[in-house]
Structures are given as structure tokens and as C-alpha cells.
Amino acid sequence: MTSRGLFIGRFQPFHNGHLWAIKEILKREDEIIIGIGSAQDSYSLENPLTAGERIEIIREVLKSIGALDRGIIVPIPDINENLAWPGRVIELTPRFDRVYSGNELVLMLFEKFGIKTIRLKHIDRDKYQGRIIRERILRGEPWEHLVPSSIIPLLKKFSFEERIRRLVGKR
Amino acid sequence: MTSRGLFIGRFQPFHNGHLWAIKEILKREDEIIIGIGSAQDSYSLENPLTAGERIEIIREVLKSIGALDRGIIVPIPDINENLAWPGRVIELTPRFDRVYSGNELVLMLFEKFGIKTIRLKHIDRDKYQGRIIRERILRGEPWEHLVPSSIIPLLKKFSFEERIRRLVGKR
Amino acid sequence: MTSRGLFIGRFQPFHNGHLWAIKEILKREDEIIIGIGSAQDSYSLENPLTAGERIEIIREVLKSIGALDRGIIVPIPDINENLAWPGRVIELTPRFDRVYSGNELVLMLFEKFGIKTIRLKHIDRDKYQGRIIRERILRGEPWEHLVPSSIIPLLKKFSFEERIRRLVGKR
Amino acid sequence: MTSRGLFIGRFQPFHNGHLWAIKEILKREDEIIIGIGSAQDSYSLENPLTAGERIEIIREVLKSIGALDRGIIVPIPDINENLAWPGRVIELTPRFDRVYSGNELVLMLFEKFGIKTIRLKHIDRDKYQGRIIRERILRGEPWEHLVPSSIIPLLKKFSFEERIRRLVGKR
Amino acid sequence: MTSRGLFIGRFQPFHNGHLWAIKEILKREDEIIIGIGSAQDSYSLENPLTAGERIEIIREVLKSIGALDRGIIVPIPDINENLAWPGRVIELTPRFDRVYSGNELVLMLFEKFGIKTIRLKHIDRDKYQGRIIRERILRGEPWEHLVPSSIIPLLKKFSFEERIRRLVGKR
Amino acid sequence: MTSRGLFIGRFQPFHNGHLWAIKEILKREDEIIIGIGSAQDSYSLENPLTAGERIEIIREVLKSIGALDRGIIVPIPDINENLAWPGRVIELTPRFDRVYSGNELVLMLFEKFGIKTIRLKHIDRDKYQGRIIRERILRGEPWEHLVPSSIIPLLKKFSFEERIRRLVGKR
């Protein structure tokens, strides 16, 4: 049977840390389910991109590594009730064998329901974080080297930089 | 360790079928957790009594069988998302070892999360159902023999009969 | 630019009418976004399958017609507020050019927001409806000829028939 | 101090029974608060009109009886939890002295919170009901005589008849 | 046809900046729809006043400038999903032609749905903000000159100052 | 008739200040209803324990003071709408005569609905607060003397310390 690993992120924006994790998981599993967390949120400082835009970006990344047919992308809206969340994830995603995460809360919640989890070590977590990239944009610092170059055109098309700046009232 | 069984009902109203189930479970377990389902609903034809009124009634029943200290009553509001519901139940209740139920959906949902379930055979299910009692009240037929006599005074105090009749517009 | 059509269904289960619609849309558009409606519901008579199971089934269908790379599958939980629903759909899906639907409500709601809609004529709507298939299963009548043969193994694996029967209390 | 009566309806559509009630209340109170119930629902068979359309219609009625400045119109979305609903109504509306209603549930809920209620006798309730008007439209029977003539142009502008027919799939 | 502009604020409390905006809009449009944002929140530091109290205050302001019959006041509860919010606003309000706002998020969201927006320049935004007034009250500084004098009696009646102080635990 | 006082807390964790309050109330009332606030939240820094775990802990405390049969424990999920909250509390709890609280918001909200409230003076509020205990744990400072000794074994069993540390990413 096809083996599948689940990986959940908010991808605001997708960055090189995410890319590393996806490659790692694809080494070990036949397929990867990529859950887009906080899918209902967008046009906010924490979550500027919509889930639909994030789907387009992740498809582009998968294409760039020749893995479009091995990735299943699923937006997962928040349920705001931690112990109800694993059930929602299970409901929205195809069957999976293991959850890969670097987030302790995610690990704890799936453990609580007896699901196999694998802790991902983050490479260079100080650099590769969505929040850091969003703050760099607000300060006018370079950030493009922190994300896969294949997605830069899409981020431009979605006015990623401008959207973040407008959200804090800078036009 | 104290063994515990979980039993969930809507108790609209509590009837002799519920009483039988609780006695059965108390024969096998040290303690019973009694979950009050659809706890957020009340003053409706399906759920005339509030969760608070149902707590008072179930406490009265437990007293009448000398088991007040062996029962833990927990109201459980609906979450309207079946696969998220077992997580909500686990979150709201103390640890339990087994779920007892005569409801196939409840059994299926807990099975899905790997929780031990025990199917309760209903005694005389044609007679002992909340819906049947509510319909008898609307038709003006006797119903008091279908519920434990110990709770009749509370149902009177809560104007159970009148409330149901007003809800269908009969005053 | 890649042209995209949006098609939303509940797929309970996926049937030959859905297959026909998808093929029609793929004749006219580069890519199809397949929205899975009522994604939060499952293990109910109206919606027995989870969104995750429906994703697996639709991927199987797309593979069988050689269109896995032209389809983008997106689960869409209900928002229970009709005029807020098109916004949710837009938020969860990649950009699309046209909405294809045979459902008047869907057409009306997208029209209200100025989005281009195309009315799909249903072929043999008396036969190809999820509700009709679910009712056939409950009556023990044959139904497999109404769905693509490629998905029968998955429906078996998901105990589709048994789940529906248990939900009405038949075991 | 200005005396105020609260009157809540769904107004799908506004009909002569509503008009009678509003006139009655304006005889007894300085001002009337007109709550639009189920304000979040629209484009459904139960609630075809949006709350915004209902506001326009009720303003037209108030103008036609010279009472625009004595009416305060407030849309009230459902909260789906009966005992939480009076609190939501109190929160969304200016202070009121009395609730006028012909609906037993509304009367019971406000009584429960110690608020003064006055039961409205419905005139000719068999004729003046939104449901009856919506059914007449679906059967192609005349219905315009059941609503104030002043609002017919607005109902036309909102395609009231056509919307209802499309919702049941008749085009 | 009557032209209408939409203006949305939280009005915690209504201040001179709001008054200026309303007057500006009334110069350009026949009628103004005043949406009360975060209508479901009250008795919080961010939103001390209920929507009902805010309705009373805004009616008083409209009376004071002789425009009661040109203003339509509509409470709008939050939907906590940015792309679903314009749909909710459209649903709850009568038809409007243009959205006037000084808030970039509001402008972006309506633009996204192709609705005409007009950016309001705030006069003296450092002075005229609800947050600044609420902070002045907590520090015991004068604030009454920042709001229209016509509404001071209502703010007194609603114990506006005391409510804010109690919310931070100062009695 | 049995007199009852209502006391609501989050109990994250239960501490000596809560114990003092419960003893005070039991001096004045026949029974106490102990409402567990924010019952839907758990595995968060603000609310590490589930409602079910909190029920177990409070039962242990009641046993330790010989009052298990005089306490009724009711989890109360948040409703996120302040004026709807008293209605939810009334719905979920058995009838009560008075609300005891040291929280100004709780007192204000029940006063608004005409319910009798009694302000509890907190003893040594600087020491006895859940937040202070959670911060002590994160700083590795002793905290066990701030909670009833009878509940320490349960907090150990629930990995209270470790859960809090994992939630901030310390393992």
C-alpha cells in the first residue's frame, strides 16, 4: 500500500525550511499530504495569503522538484478547539501513516489520539520562518533568498509585499 | 485504578431505558460518566429541557439508586462535525475506559479513534424513547410510567408538559 | 494564462454524472478546480464519506482519465450563510475563470458577486444523483453501474455500503 | 422617557399581519424596534430575501404609514442556542420596555429572563403567514393582496417571485 | 435612483472623526448606510458599548445634524474570515453604490469583490480614535471634547466611563 | 429549598485561592455549582488542562474537604459574545440563587440580567493566580505550595509541568 506522511504548515509564505521538510518526507514516504493550516484566514498580518493562493504556490514548488503527482494539498481551516483539531484533520485528509512536524503542539495533539508522529529538526530555524520574512518585508529588508526562487513570480502576482504593507497602513 | 464507562444520551426526558443502561454499566465499572448530548439546545421540540435541568434530574436518579458518588455528569454541546465530536467528548470528560452505547453512529465514531466500545442492547426500545414520550404528551396520553417515579416532581417543577405543548403552539 | 473552471459537488458518492461534467469542463478549460462541498460533514446519511475519502476517490477518477495533473481538488466546508459562501470558495481555491454548475443556488450566488457562470445540463438526472444511489443501497438494489468502475475498490475499502446501513441502524 | 416595544419577525415577505402588529404597537408605544430574525439567512426557501432587502422593505412600509422616525430596524442573526438568544437580542437592540409577539417560543424565552412580554393575537393567521405566501408563489396563485401594496415594487426589484422559483429548480 | 454610500466603524465611542466622515459622505450621497462593526462584542476593553447602545448614540448624532431620515444604521457582527466578510456586509445592508473608508483592510476586501471604494482622509487621526479616548478615560484625562456634545448624556446614561474602568478592575 | 451559589473559574490550575472561595461559599449555601470556564480550550498556554482533567481535580478537592455531594461541577465552553454568555451559563447549570465572583466582568454581566451577585474578596491575589503558577513553572520556580496538596498527584499524572514546557517549545 502507498505510504503517506502528513505535513502541516501555514506557508505565510512558503520558505526554504518548508522545502527541506517536504524533500525529507518524500525520501521516506511514497506520497506527502501537505495540510494548509489556518486556511480560513487571509489578508491579515499573520496570514496575508489566501489558502487558494497558497495552493497555487505549493503546486509550483512540487512541479519544480518533479513531485506534483506525489503531493496532495489540503486546506485545513482552524477549529479553535485543540482536542477537536486532529479529528478535523483526519476528516479532511486522505489516510496517512505518520505525522511529521517540528511543532510541539501538533505532535502532542496527534500523540493524544495514538497517531504515529515524527519530530522534524528544523534547519536554521532562526532564518526560515514566515514571521521573520513578513517582518523583513515591513522593514524593507531583502527576503527573496529565504524562499524557493520558483515561487517569486507568484508572490509578485499576488502582491505579497504590497498586501503586507497595506495591512499595517503603509501604502 | 478506578474503571470508568462513558454513556451519552440526550435525556429528553430521562426514561426507564436510560435507568436500565446506567444500572448495567454500574455493575461492570467503578464509575460512570454520564454525558448529556446536545447540551446547548433547549426549549425546542427535540430538546425541551436545558442541560442544567437534565443535570438536576440525573442527580436525582443517581441518588435514588444510591450511586451519586459513582456518577460524573458532563454536559456536551454539539460540535456539528462528526469526526471532531469524539475529540470534544474526550476533552470535556474525565478519562474513561469504555464507551457504552446503543447508537450506531456513536459506536462508529469512537471505533474510528481506536476507543473501546460496548454495544448496549436496548430493552423494549419501542417504548423507551424520548421522542415517544414527547409525542405521548402532545397527544395527551399517559407517559409517567415510562420514566423513573423519582423524577416526576422535577419534571413538574420544570413544567415539562406545558413547555412541550407551548412549543407546538398549544396553550 | 492557464484557464480554469470551478466545479463543486458533494460527491456522496462520485457518480457518472460527475464524471460527465468533469470531462465536459476539461474540454473547454486547461484546468479544473473540483470543490468538495459540505467538506466538514461525514458519517451522516446525507454525507457518509469524509472529505479525505472523497479526495482519494476523485484522484482515482482523474488518474483513470489521465487528468491528474489538470485537476485541483479542494475541500470546502459549509459556512451556513449563503451570501458569505462565494467569498469562502474564492478564499479556499486558486483563481478560476468560470463556475460550472447545474445547481441554481450555486449559479445565483456567484452571479450575485459578478462571477461568470455556465449552466451544466445534467444528463439523465433521474439516475445520476448521490441521493438515489444511497437510497438504492438502503433498499439492497444494484447501484455500482451508476458510478465509475475505477472507484468501486475504494468504496469497498471505505465500507461505503456498510456505513450507510449502520447509519440507519441496520447492521 | 421614550417608551419602546420590540417586535421580531422574519418578514419573508413582510405581509399584512406584520403591518397590523406594527400599527397596534405604535398605538401603545412611542417607538418600535423591529428586529429582523434569521438575518444571516437568505437565498433559501425559508428565507429568500436578504436582511438588507428586508430593511429596505420595512423602511418603505414605515414611510407609507408616516412612521419612519418612530421605527428602529435591527437585523438579528440567529445564535442557534435558545437560551443565549435573548442576550443577543438585548445586545443588538436599543433599550426596550416590552416584547410583543405571537410566537410562544419568543414569549417563553424573554419570560425566562424576566422581561415583560405581551402576546399578540394574530388576525387571520391562516392567511397572513410568510410560508403561505411563498407556497402560493410556487403554485402560481395570486398573493399580492396579502402584502402592503407599497412594497410590491421593491419585491419586483428584488425578483422575489423568480428567486423562490429558482430555489426549487423551476426556471 | 437614490445614491447610497456605506461607512463602517466600531464607534467605541462615536467621535468627531466619525462625525466629519458622515457629513462628508452626506454631501456626496443621498443616503448613508452606517455599519456598526464588531456588533457582537460589548463589555470588553476594545468594545465597551453594545451595538444597541451604539445605535441609540448614532441616531442622536443624526438627529443633531438633521439627517435621521438619510441614515440607515445596521449592526454587523464579525465573521472572523476576511474574504467572507464583504458577503456578510452585502447581505445585511440595503444596496449601496460606494464604500467610504479610511481602513486599508476594508478597502482591500471590497476591491477584491469589485466594489467601488473611496479612501477617506482622516482628519487629525492622532486625536480622533476610539482607542485614544478609551485610554484617556483609564488615565483620568479629559476626553469629552473629542466626541459630539450631543451624545454626552447618552454616554453618561450607559455608564461609559465606569464600565471601562470596571473592565480593567478599577472600581 | 436547597440554596445554591454559582462560582466560575478556569482552574488552570486549581489553587488555594479557589479552595478558599469554595469553602466560603459552602458556609453560606447548601450547595455550590462550580462552573469550569473556557471549557473548550486545552493544550494552550492559557489553558493547559482539559475540562475533563479539571473535573477530576475539582472532584478530588471536594472529596478532601468532605463536600463531594454538595458540589455540582459543570464545564462551560466560551461563547465569545459577552451578553450571550449569562444565558449559556443559565442553560448549562442547575438553578442557582446567587453568583459569587471576584471578576468584575462576570459581576457586570450577571447584574445586567438582574441576577443577584456577591463580590468575593480575593485573599492574597498576588500569589494565588493560575497565570502566576504557570509562569513559575516556566521559570523552574517552586509552585506546589500554592495549590491544595491533594491534587499534586493528579497534576503529575496529567504531566502538567511538562505540558506547559512543551507548549513553549522547551523539551
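By letter and in written order, the chains are A, B, C, D, E and F; residue numbering begins at 1 in each of them.
As a working rule, a residue touches a chain if its C-beta (ideal position, glycine included) is under 8 Å from a C-beta of that chain, and two chains touch if they have at least 3 such contacts.
Computed from a predicted model, the values in this text were never measured in an experiment.
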item	value
Other chains in touch with both subunit B and subunit D	C, F
Reference interface B-D: repeating pair among D-F, C-D or C-E with over half of contacts shared	C-D
Rounded Å distance, subunit B centre to subunit C centre (Cα mean)	37
Inter-chain centre distance, subunit B versus subunit F - centres from mean C-alpha coordinates, in Å	26
Whole-Å gap between the CA centroids of subunit A and subunit B	42
Residues of subunit D engaged with two or more neighbouring chains	40, 42, 50, 81-83, 88, 90-91
Of all residues in subunit F, those that touch subunit D in their complex	79, 81-88, 90-91, 112-114
Touching residues (chain side subunit E, partner subunit A) in the complex	80-83, 104-105, 108-109
Parts of subunit C lying in touch with subunit B, wherever the complex brings them together	40-44, 50, 163, 166-167, 169, 171
List of subunit E residues in touch with subunit D within their complex	39-40, 42, 50-53, 55-56, 59, 68-69, 72, 74-75, 77, 88, 90-95
